[in-house]
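Sharing a structure here in structure tokens format.
By letter and in written order, the chains are A, B, C and D; residue numbering begins at 1 in each of them.
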């Protein structure tokens, strides 16, 4: 059987050449279904990137009632940076805080004119490491700081963090729901398409069972054909989505994207590209396998 | 070689296509199966290659009870049979050559052996010049001859032929009959359904005739004209 | 009724399936078309119902030159023809009744008229008890009779029959021939391709025989045994 | 021909009953493709709703150096409300402005403690009508107010508006690109599916041409069948997306949505629902029409 792998591959290729309409129809269907998946993946990926950069803003601010000398501050910074959850610690002086406040007020900044920089306290701004950006890690850090007594006045955006977490969860849940449905849809559509191509060939399948072909011998070329078609569909989808990415997303929408603050958008990483193509082949294989159950019968019902 | 015991076949509830058939065909026999249109000839043959199951009764082929053969054993049964179907059942998307080579490929024969045998067999039915045509590009008689070649190419233990000469002119019919006789002489058991009385006259052999699903006559050529009983053995 | 002038048909470049055929068939004639397997009988009939186009030459049917008929006129030509195909071409997903009724439905006949005619025609071929079966549930001969019924049900101007008795036993064959004779007596021109010599002996009519695509003989029954020339008229 | 519409409908229905595999395959494919479209439409619709509510915040603020009496203010409000682009005009007193400012500072609100409400000016807040929420209409209104001299100190979020506009345009462009591709994909897939069902029936089609059927007579039942299948696919898609909407979006994600600030999400409006179903029928019809061209031949090539 192993020696005859070439036979089944050759048969599969010949089958495809002999009925180009059927082959093109199923390749096209797989391609379109997978291209949709690819677009969706690109969107999810880039939104994730965006939310990740939002998450970087996640910080604890420790207000300092009195401003100690630089050496002491350096010591505190080092100490806090030693916490496992903490990524960076930045000292913000009274002056810097006042400047930032004025900027934040924007057009209303004339309101604080005449007030001195000493109305705002200095602070240490602490950001968390990527893996620890969640409510409970934040609570741990805040607790530890509070025990330290030196940092009484702690500010951390509870409500805001909760919102961000909920939003990310929403994105993830609805994203994987839609993605799952897309994969399912692609599978149903491809399996249907292959079922229909076999429907068109049921006379042939019947004739083969009648002259002594075993189930496996008859099915293998169609399985190989299904896998090949799926594979080609996957390749086409990859090419198609890359083209659309290049022409529409990068070129035409590039300037718009810049304005909205998203600086670059990324194409699928190589592993995902591979998965798309291999996944296409797999879908084709499963589709054929599923459809063949119905069509290879040996008479005697 | 082939034994049927009280075989009944009903496609629909109250209509028996075959009715209590008991029949014994020895190894190396050549049996004509006749009877009017719709008498059950094709049904009888279908039971022998497991395309249909008997409603009642038992069938033994080559000593095996095939009545309850499942999808894993049916292919191996069919490899020992050469079958010529009334509607040919050729693979329309393959060439004549590939059609005839197919049963040999299934058996896993060597490439050069296949090509030699296929060419030889196609030549014997007079189609060596149509090797690369597709079945739908052939005349009715040519298609039938491809079906004959596909059945004979495997040197079958049993040849089941369902009206193998219905689309052939008298001359080609004689050629095909010669091929059957050669195969028969080599030991192949032959069951051939036919309407062609002049053929039976020219090549007298045992004749089993059906009528509305029942065994009507079973005549050995020596006793022709004298109706025998079902149990001639 | 049917005239062919120097008709050639080549499916492939250098192989003529039909070779310079000139033939005249008058209204009401009954013509057998014979010749060995692959001689070109089916091809000739296909040209007459426009399933193939001649490579060269002109064909007139009922006074019209059909050589260049397009897809809008072909259906109307075919409605005047009754065609029995060598491979039947039945609608496998429709019942026997619906198959025979189909050409009448195309013509837009009234429902009760259709059912009366269909039943009558099916009865005449002995299949009135198979009305609601599907073609694949029928024996080979029964399918062939459905094809005959479908061709006759429209009272065609011309009947083109391609081996209409290849799957039938001698008794049913005679019944069908009687039907053809009745249709012929009513004015239907009949061209029937057949291999069955005993049939030609029993119902002697004009015999046109082909050999490798060329007209070989054209005999009127009165002059049987005495080979005629192509231009017997 | 008109009298025989029943005939073609009956044939189409019988065809579907006779080969349920084919029918279910194409109905299923249409349903899945259109359900994807429906989900997409729901997403677009709700995002639009969201951006619309953002757009409502779009306003011009005219600061009043002196606060006149109520009657004068009422007069001004009436006058500005007379501008064609203007939707609403609201007077914000010093007190109200201060309150709002304090809220805006959030956790930093202790910074303005001790300051009186008179540090902020009173203002008129002017929102624009929906059709006029764009940069140029805003400029017109601002110009007119400026000529009035009474309102010297005008504030309007130029940069922010530009960003919002770009974002909306991006949404609209990429949305209609993806939507267009989805419609195209659905059409390709459905046409392919129907082509394959006809491929499985080409013997039948050939037989019909051989006994004198005209092109139209043969095609009509298949066209009706295609339209019916598309229609049923559309209905299934509608049902499916409504189910998913109810179960997943409204129930499971409801609380998450509330947290992120989106209060309600909407299903497709009735007109879109109708379009989905009718569109399904149309796709089926077009798919059959397209596929039939290839399969109804009259021999004589």
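In this text, a residue touches a chain if its C-beta (ideal position, glycine included) is under 8 Å from a C-beta of that chain, and two chains touch if they have at least 3 such contacts.
None of these values were measured; they are calculated from a predicted model.
J.: Which other chains touch subunit B while also touching subunit C?
T.: Correct list: empty, since no chain touches both.
J.: Could you pull out the chain whose C-alpha mean position is farthest off from that of subunit B?
T.: It is D whose centre lies farthest from that of subunit B.
J.: Can you give the whole-Å distance between the Cα centres of subunit A and subunit B?
T.: 62
J.: Taking each chain's centre as the mean of its CA atoms, how far is subunit B from subunit D in angstrom?
T.: Taking the mean C-alpha position of each chain, the two centres sit 67 Å apart.
J.: Cα centroid separation between subunit A and subunit D, in whole Å?
T.: 24
J.: Quick check on subunit A: which residues sit in contact with 2+ other chains?
T.: There are none in subunit A.
J.: Could you list the positions in subunit B whose residues touch two or more of the other chains?
T.: none
J.: Make each chain a node and each touching pair an edge, then name the shape: line, ring, star, complete, other.
T.: ring
J.: Touching pairs of chains, which are they?
T.: Taking the chains two at a time, the touching pairs are A-B, A-D, B-C, C-D.
J.: What part of subunit D is in contact with subunit A in the complex they form?
T.: 21-22, 25-26, 28-29, 32-33, 35-36, 39, 101, 107-108, 111, 119-120, 155, 162-163, 166-167, 169-170, 173-174, 177-178, 181-182, 185, 188-189, 192-193, 195-197, 199-200, 202, 244, 248-249, 252-253, 256-257, 259-261, 294
J.: Where on subunit B is subunit C touching in the complex?
T.: Where subunit B meets subunit C, its residues are 11, 34-38, 41-43, 86-87, 137-142, 145, 162-163, 166-172, 195, 197-198.
J.: Going by the contact rule at the top, pick out the subunit C residues touching subunit D in the complex.
T.: The contact residues of subunit C facing subunit D are 46, 49-53, 69, 71-72, 74-76, 78-79, 81, 83, 85, 89-93, 102-103, 105-108, 150.
J.: Over in the complex, which subunit A residues touch subunit B? Could you list them?
T.: Contacts found on subunit A: 4, 7, 15, 18-19, 201, 203-204, 206-215, 217, 297-301.
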